[in-house]
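So, here come the structures, one by one.
After this come two complexes, each holding subunit A, first together with subunit B and then together with subunit C.
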Partner chain A sequence: MNAPLLRLYIAGKSLSSQRAEQNLDKIRSLVAAHFTFEIVDVLERPELAEKAGILATPTLAYEHTERPRRIVGDISDIKKILEFLGIEGKEEMQ
Partner chain B sequence: MNDDAELQIPDVLERVRTGVDAFDELVMGGLPRARTTVVGGTPGSGKTIFAAQFLAHGIQNYGEHGVLVTFEESPADIEANMRSFGWDFAKWRKEGRLAVVDASPPTNDEIVIGDFDLAGLLSRIEHAVKSVNAKRIVLDSLTQLFDHFLGDSAVLRREVFRISGALKKSGLTVLMTAERNAEYGEITRHRLEEFVADNVVILRNVLQREKRRRTIEVLKMRGSHHVEGEAPFTILTDHGFVAVPLSSLRLEQQSSNLRVTSGNPAIDEMCGGGFFRDSVTLVSGATGTGKTLLVTNFLAGGVAAGERAILFGYEESRGQLFRNAAGWGVDFDAMETEQKLKVVCLYPEAQGLADHLVMIQNLVDELKPNRIAIDSISALERVAADVGFREFLISLTSFIKKREIAGLYTATSKSLVGGETASEQHISTLTDSIILLRYMQDQDIMHRGLMVLKMRGSEHAKEIRRFTIDGRGMHLGEPFKRAPNVFSSGTPESYTL
Partner chain C sequence: MNSAHLSSGDQTELRFLVDKNADGIVVVDEFGTILFANPATEALFGRTPDSLVGSPVGVPLFTGETTEITIHKPGGDQIDAEIRVVETKWGGKPALLASIRDISVRKALEEQRRHTNKMEAIGRLTAGIAHDFNNLLTVVLGNLEYARRRMAESSPLLKPLENAARGARRAATLTERLLAFARRKPLEPKLVDSNALVLGMSELLERTLGESTKIRTILAEDLWTIEVDPTELETAILNLAVNARDAMPDGGEVVIETSNIELDESYASAEMEVTPGSYIQIAVTDNGTGMAPDVLRQVFEPFFTTKRDGNGTGLGLSQVYGFTKQSGGHVQLYSEPGHGTTAKIYLPKARGSAPVQANTKKPAENFPAARNGETLLVVEDDQDVRNYAVSSLKELGYTIYAAGDGFSALELLKQNPTIQLLLTDLGLPGGMDGKMLASQARQLRSDLKVLIMTAYAWNALVQDGRLQAGVDLLTKPFSASALACHVREILDREQKSALPAGKILVVDDQPLLRTFVVDALASAGFQLEEAQNFNQALARVRMLSAELTGAIIDIGLPDRRGDQLVPEIRKIRPDLPILLATGFGQDAFRSQFFSDQKLRILEKPFSPEQLIDELRKLGVVK
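Entry: the complex of A and B
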């Protein structure tokens, strides 16, 4: 089975998008083994934003098959994010 | 400042017609191009229909493609709803004349952590604009977007301002809808109009005397003039939004000197040769004084002169009107068969006054009659409160004169002897001519009297003529020599005949 996908929608080099990318790197370093990661720049790929129905950037989408979840914002509070994604336990598994 | 600068004419803003003709008149030809207009209204006030008509009109009549960004209803719902107005959004989408951005609330969980912007939305909108080369764009409704990100309204204000700016810069004419909590008071929830709107339009749906009264008001037009005040409107299947123009309330129609017959030679004579062709005459009197007979004569006289006539009856049924006419020797049946006459009978309460007005206008434009009678105007007064009724009268009168047809209204006075109706107060300054029918008491006998009170632009007889009604109609007799005051309902003085 493939690892679940975390996809981050950003808008070019805006400040909040840059911060979100940095924060995603931190998350990746914590849970890399259990997730795959993808970054979509909505300025370059508006059709993907359309398909996903993205309004705000940055948005981190957890493409869970049964319970997809989204976090809007620069995902600065990493602890809270892991909680929301329901993956707090994975940190300890590292 | 030198003289040259003072003489400079400010740039005239190019106008984008909305498809609501009367509204475009209020705003000097349409919404200013490349500006943002916020249309505010309570739920059910017609915001989405107004916005959709703006898009549909551009697509159908001006080759201006559009983008619809929906934050509330799903695109499928909107497409289904708009089909009843004759707007095929689905077809236009397939033809590449319309793009829809579905920003309705997502079904999945979402939280906000940290700072964000709406670049995602803007990029989707810009993508849609580019894909159909749009000139018009609707965001419906902004309030829903704010509610989605409740608690971040400062961010939203900044972002919506940015989106509005980016769209205007691309030359798009932007229409945003916004919710209101009450018909009067705060302009929109979240006070959206304050930071984003060049123009503000308010739609209202007010309950008055148990009837809905819809109005549209232009609150603000940055850098240009507009007509102030609320204009009534209605929403019709197949038409959409139909407003009643306030600007045409100025009665500036050309009056012609052409005379047409009232249907009664003696009354023609009293009026100085008949009614004017594009004038409206009010016949006022208590019940049973002969108003409907005058209407019947008016219609029959027109038909006999080769004209076409239309009657809107709000008091009596068709059968009753036809029987009355037959009793006076007039055959409405034959006239309708020859398509010289159309009789339309309706309960006044069947619809709002704006709907009545639009219905009259549509039938007149379809059948193109030379004369029109409304029997009675006071029955319609039951439908709406003062303002609504006055607007209706003004609009109807101005419409009749614009079409250069002769109009006859009847009004029923409440008291049997003398007295004045509210309709008279409303209408006496609007109509060109007024004919009073009165009961006049002489000792033990009740006579009927007729006088021409007013005849704009013409001499008319000043006396009060007695008249009788029999199986051949109305017969005018000698003038009263000393008549009681026809305006007071008090005890008449004795007078000699």
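Entry: the complex of A and C
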């Protein structure tokens, strides 16, 4: 079975996009083993954003077959995000 | 919004508030699906509130009170928005209420402010470096020239010395450009008819831009007069035109357009640092490669260039930026990659002046005119430029002979001994250039004064060392007033200077600079007194009083500023000729001492010749 996918939609090099990318790196460092990660720049691939119905960026999409979920914003509240996604962090998480 | 606790009247009011709220308000469920959207969301998302309900926007999870997102409208438009979230219940289930505010305008202003601050900071840094460099260059150039004069013509050291001096002079040109960007270049504002100025540049532009670039001008009738430094304005237009050409490697058209424009409050508030009022606009447009937004943001920064090595200094647009700002205007660039660029210079209408009538040439009141019977020879192969020079000088009362090449010029000189000054272009046809003409003419008539006009080839003139004594340079493009002043100054200049008895006081705390000035003046035969600071200088003036024939004062002194010394000296010697030496900020001092006839501002870097020339203008040297 493929590892579930976390896909971050961003818009170019805007400040919030950059912040979201940094936060995604943190999440990746915590749960890298269990997920695959992907970043989609909606300015470069508008068709992907449209297909997924992305209204705003940054948006983090958890492409889970049973319970797909989406988070909008700079995904700075990592602890809540992992909880929300139903992902257990490693012991670094308090 | 826990509706369970509200009466029906409260709910109606609450509904009213939500519906009329300028912020977009959405309620999302715990999976991020929109349950409710108020009418204001339509403008934000470009979709009806009804169609938003059910869309998976996502759960807003972030730390802090607010976060920024970018909303993507159908069709590709974007809005920067700030969201704020509170927990609530909707239909009895936990939900989140997010209020969404459009901050695109605020973000744009912030970005502009940030950019302005950055340009200010770069400007301060640039001015500081240029100022200190000017001081050092004064020392370097002065001493090199001093050494050069004492060197036998046959010395093998002559060439290296000249090379060093040439390098230093180039550095001085560079600091001048940096000062232009930092808005510290001394400007000489005059009433300018920009249409006439643009037309007067057509020859220069055609020659500079080359054949593959066509130039078209669209000039507004009744264009307002502006009060700016005409030479700098010409440089700015030339810089923009050169950029336009370089953006069109396969050739194309550059359009220069002038117009009157009123900038109102709304424009001014959208553009930082713009005062509402009447402006003229000079727009330079090309249909070239254009610039991407990230390039556009940086183009005014000094040394930023997209041109290949050696093709650009990165200081062209910096000059445009510095000049327009310093002149109370501003510059705007509009560019689209693949389509072209328009640069618009806005310069404020001159206060209280009527538009200049195109065809009523007023006698040039402010220009220094000819004295009885003064005769000039103008040599220029380009008919337009020649006509321009001849007619401007004739208007001032000079008797003019004109020639199109060096040989006929020499003939005229032989036939007309009344010719006092030779005004020649550097580039002449027929194998004799302006420089050769000058030296042959001087062999005929050793007292003949020479003014060489040139746009590009400074180096050709100074390559073999300094300019020949008695030869002056007029840099193209020049205004009629620059021409008039230059000619007058040269004619008034006496070849032999008689030194007066008496001492000159040199006040400077930097030993190198002081030594240079003292050496330069001593070798010209002056007697000198030195002071290192304000108090010492004042003591010297009190002690020597009538013995002094002049003072050279640096602005930056350790104890008190040099300009504050002037009123103190004036109490003792109201008529003492004073030279105030400064690296920048001349304008402020110029206006401060505007009414003082016995004071001149000396700009750094200066050569021994300039120093003595300034003393001459003050009457210290006859």
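Everything that follows uses one rule, which is that the second predicted complex is superposed on the first by the 88 of 94 C-alpha atoms of A that agree within 3 Å, B and C clash if a C-alpha of one lies under 4 Å from a C-alpha of the other, contacts with A are read in each partner's own complex, and residues count from 1 in each chain.
We take it that a contact is a pair of C-beta atoms (placed from the backbone, for glycine too) under 8 Å apart; a residue touches a chain by one contact, two chains touch by 3 or more.
Note that the structure is a prediction, hence the values are computed from the model and not measured.
Undergrad: First (subunit B), second (subunit C), both or neither: which does A:Gly86 touch?
TA: neither
Undergrad: With the two complexes superposed on chain A, say which partner A:Glu47 touches: subunit B (first), subunit C (second), both, or neither.
TA: Only subunit B; A:Glu47 stays clear of subunit C.
Undergrad: Could you look at A:Ala11 and tell me whether it touches subunit B, subunit C, both or neither (first, second, both, neither)?
TA: Once the two structures are laid over each other on A, A:Ala11 reaches both partners.
Undergrad: Thinking of the overlay built on chain A, is A:Ala56 touched by subunit B (first), by subunit C (second), by both, or by neither?
TA: both
Undergrad: Report for A:Arg69: first if it touches subunit B alone, second if subunit C alone, otherwise both or neither.
TA: In the superposition, A:Arg69 contacts both subunit B and subunit C.
Undergrad: Would you mind listing the overlap between the subunit B footprint and the subunit C footprint on subunit A?
TA: The answer is residues 11, 14-17, 42, 46, 49, 53-59, 67, 69-77, 80-81, 84 of subunit A.
Undergrad: Please output the residues of subunit A touching subunit B within their complex, sorted ascending.
TA: Touch list, subunit A to subunit B: 9, 11-12, 14-17, 19-20, 42-43, 46-47, 49-50, 53-59, 67-77, 80-81, 84.
Undergrad: Name, in rising order, each residue of subunit A that touches subunit C in their complex.
TA: 11, 14-17, 42, 46, 49, 53-61, 67, 69-77, 80-81, 84
Undergrad: Okay, in this complex, where on subunit B does subunit A touch?
TA: Residues of subunit B touching subunit A: 101-103, 106, 108-121, 123-124, 126-128, 145, 148-149.
Undergrad: Under the definition above, what is the set of subunit C residues touching subunit A in their complex?
TA: Interface residues on subunit C, with respect to subunit A: 31-32, 45, 52, 55-64, 67-72, 76, 78, 80-81, 83.
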